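You will see two complexes here that share subunit A, one where it goes with subunit B and one where it goes with subunit C.
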Partner chain A sequence: MIEIVDTGPLNTIQDLGRLGYRDIGVTVSGAMDPLALRIANLLVGNDAAAAAVELQTFPVRIRFQEKTAFAVTGGGTATLDGETLPPWWMQTADAGQILDVGPSKTSARAYLAIGGGIDVAPVMGSRSTSLRGAFGGNDGRALRKGDVLRLGSPAAGLRPAGGFGVVPPLRELASLFPVADNGALLIRALPAGEHDLFGPDAERFWNEDWKISPQSDRTGYRLSGQALRLTVPVEMRSHGIVAGVVQVPPGGEPIVQMSDANTAGGYPKIAGIVEADLWRLGQVRIGARLRFVRASHAEARMLDGAIAAYVNDVETTAGQVGRALTAMAGR
Partner chain B sequence: MTRAATSLASQPLIRSRPGISAIGARAFLLDAPGAFDLAAQRRIWALTQTVRQWPDVIETLPGMTNLLAIFKAVPEDPDGVISRLLEAWERAESIDIKGRTIDIPVHYGGAHATDLAALCKLSGLSDREVVRLHHQGTYTVFALGSAPGFGYLHGLDPRIHMPRKTVPSLRMEKGCVTIGGMQTGVAVLTGPNGWNSIGFADLPMFDPAAAVPALMAPGDIVRFLPERIEL
Partner chain C sequence: MSRLDFTDPAVLDAIAAALTAAGVDGIEIAQSSRTLRLVVAGKPPRATVHLDAGPAAAADIVTAPMAGLLDLRTVPSDLPRIVRAGEILACLRVGPVLVPVRASKACTVTRCLCDADALVGFGDRLFDIEARP
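This part shows the complex of A and B:
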């Protein structure tokens, strides 16, 4: 078990989301940075889709009540009993040790995976917390000081006593995830249904920088910039949406729907972000700038392939390390 | 338009093509051509049944005369996907889902009917008349979406259509019986809501722990029973 000694608001248990229930209106939820969640799980020997803790407000203090492997990935700076841990790192904690996680300057969210995963009851096939629906995770609510979380059974196999880590994806795949000269994040997207109805403003959408406004959370990001206007009003019928859709409400400032988005929407949509860039968006901080880059299905496939290869590499390596140590211990 | 919706024969014979657009690289949205009516929705249901069988599709989300198909992976041949969707639409026969009939007792008026007065003003009808038109209607669940178990109901009398609010109510109670444009429905979550409330229903619409979590399903018939009218 682990105990939440201290936490900010809105930190929740998440996995890769509640898939397959969108057609009855159930939000997918799940980690805002699913790549960081998968890597954290693989580092401790879990299935990549196991439930972990998503941290987005800090500081957070956790006490381990038993000896267990843990990993912290994504943003966040972690210390174990005051000793700083490298980023994207797994280690084994003894019962009674204290993990502190503070904010990172560059990334918004940290993921804490524990050997065996967080053992809460799955709801509709997922352990993700749906705050709006008030189900899933820990009683459908954010974590609070004093919460004690049960853990699943950890995978067999030893882990290095001194811990080990991975090269973070932004460094490993740097050439595939570029940033503009002015620091704006380049986010790839495909034009969506009402794109052309924005006329000249559609071009502005791609050419100008957008700023992540303070009205941004797990549900969606509101972008600040010069308002976009349709050339003619359009009557929309409600339709299914997915995370990454960029909608333009009557005010003209775009909204990017994120993990906790509704399953349906009716605002004109100008673009849809490719999934391979959504994890980066899940890590942007309020006030950050981004620019949209028009992409193709082929580019999206190439990026998905590169991410899959990176994850596969981590999985293979983590497995080999565990097997090698087990073999040596048995010699 | 609502009356024409009940008869397939009244649909024009010339079909224009549906619109297909992308939402990101893994999802495709097909918008049915023509009116917002039951005939178009029946074809969307048929299309949904076909597309959900495709081995490369992971989820289908029928909306209001549209369908979002989410693929397992980014398709190698997006143009091929568009052709397949168009073909499937052309072949989709209208189907009539044999849904259940769900009776929802409603307390019309009272503290929860925050927008009844505005609807009377907009429609020029008395509150009694608005309530009568609402509970005398027979509604079809077109699709579920937006919030867990929320059913978009078609069949609202055009005299009580009312546009969504430009500034949503910040806290509308779960259970409010609402009108949004030409649709009606029962709010399933307490929170911000842009629809207009004219009453309240106790009947739970969603139970996350149940084997079938949502009370409504596409094709179900919904009737509102005036349990109490407080004007």
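This part shows the complex of A and C:
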């Protein structure tokens, strides 16, 4: 078990989401940075989709009540009993040791995976917390000081006490994730159903920088910038939407649907963000600037393939290195 | 650092696992009185490592715990640097995985003996250190 000694608000248990129930109005939820969650799980020998803790407000302090393999990925700066851990790192803690996680200057969210995963009851096939629905995760709510979380049984794969890490994806795949000269995050997207109804303003959507406004959370990011207008007003029936859809409400400032996305909406859709860039958006901090880049389906598939290859490489190599280090430590 | 016993099956198993993880075909280790050759997947070894460091030299160096590319970006690499026992000095990169190179005792790290991103083998000398009380 692990004890939440201290935490900010809105830190929750998440996995890869509750798929298959949007047709009855159930939000998918799941990690805002699913790549970081996958890697954290693989580092501790879990299935990549196991439940972990998503941290988005800091500081967070956790006490291990038993010997436990853990990994911290994504943003966040972690220390174990005061010793700084490298980023994207796994280690084994002894009973009583304290893990502190603080904020990162560049990324919004950290993921804490535990060997065996967080053992909460699945709801509709997922352990993710749905805060708006108040179900899933730990009693359907954010973590609080004093919470004690049960852990699953760790996998048989060996993990060395001395720990190891991975090269973060933005470094390993740097050539695939460029940043604009002015520092704006470049987010690739495809034109969506009502794109052309914006006429000349559709081009401004692609050419201008947008700022993540404070009215942003796990449900969606509201973007600040010069308002976009339809050439002719349209009335639309509500239709299904997913994370990554960029809508433009009557006010003209786009909304990007994120992990807790509504299941349906009636605003015009100007673009859909490619899935390979959604995890980067999940790490953007409020106030950051981004620019949309028009992508192709082929480019989206290429990026998906590159990320899948990275994840597979981590899974394979982490297992081999873990066994080698454990064998050497026991010589 | 204690000298490895290359007649110990556990040591051989560990080295074989490290070679597999590093994608190395094989290795030949030559000491003063004997030579050990490990081959992965039936391929001939392409590198030979000579392990003849004496105890006096071993006391003042940090060596590679396995084969990999020396990564000096993950933890601070400015020198000289005072470190505690167990502190991470650098990492060895094996594919996307980073293996820590730790100080075995409290010391001052005075010199890095390899270039960043250099391919190093198990037991290669990586850092000169001066022990601290």
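Simple rule for what comes next: the second predicted complex is superposed on the first by the 324 of 331 C-alpha atoms of A that agree within 3 Å, B and C clash if a C-alpha of one lies under 4 Å from a C-alpha of the other, contacts with A are read in each partner's own complex, and residues count from 1 in each chain.
Definition applied: a residue touches a chain if its C-beta (ideal position, glycine included) is under 8 Å from a C-beta of that chain, and two chains touch if they have at least 3 such contacts.
It should be emphasised that the depicted structure is a prediction, and the values quoted were computed from it without experimental measurement.
S.K.: Check the residue A:P250 against both partner chains and state whether it touches subunit B (first), subunit C (second), both, or neither.
M.R.: first
S.K.: Is A:A324 touching the first partner subunit B, the second partner subunit C, both, or neither of them?
M.R.: In the superposed model, A:A324 contacts subunit C only, not subunit B.
S.K.: With both structures superposed, pick whichever of subunit B and subunit C touches the larger number of subunit A residues.
M.R.: B
S.K.: Is A:P86 in contact with subunit B, with subunit C, with both, or with neither (first, second, both, neither)?
M.R.: second
S.K.: State whether A:P34 touches subunit B only (first), subunit C only (second), both chains, or neither.
M.R.: Neither partner.
S.K.: With both complexes superposed on chain A, which partner does A:I24 reach: first (subunit B), second (subunit C), both or neither?
M.R.: In the superposition, A:I24 touches subunit B alone.
S.K.: Could you tell me if A:G165 is touching subunit B, subunit C, both of them or neither one (first, second, both, neither)?
M.R.: second
S.K.: In the superposed arrangement, which partner chain does A:R237 touch: subunit B (first), subunit C (second), both, or neither?
M.R.: In the superposed model, A:R237 contacts subunit B only, not subunit C.
S.K.: Kindly classify A:K269 by the partners it touches after superposition: subunit B alone (first), subunit C alone (second), both, or neither?
M.R.: Touch status of A:K269: first partner only.
S.K.: In the complex of these two chains, what residues of subunit A are touching subunit C?
M.R.: On the subunit A side, the touching residues are 83, 86-87, 89, 162-167, 171-172, 310, 313-314, 316-318, 320-321, 323-325, 327-328, 330-331.
S.K.: Across the complex, what residues on subunit C touch subunit A?
M.R.: Spelled out, the residues of subunit C in touch with subunit A are 4, 8, 10-11, 13-15, 17-18, 20-21, 65-66, 71, 73-75, 87-88, 91, 93-100, 102.
S.K.: Would you mind writing out the residues of subunit B in touch with subunit A in their complex?
M.R.: It comes out as residues 19, 21-27, 29, 31, 36, 58-68, 70, 73-76, 78, 143-150, 152, 166, 183, 188-189, 191, 206, 208-209, 213-214.
S.K.: Which residues of subunit A touch subunit B once you look at their complex with the stated criterion?
M.R.: Spelled out, the residues of subunit A in touch with subunit B are 19-27, 123-124, 132-133, 135-136, 189-193, 237-242, 244-245, 250, 262-265, 269, 272-275, 295, 297, 300-301, 304.
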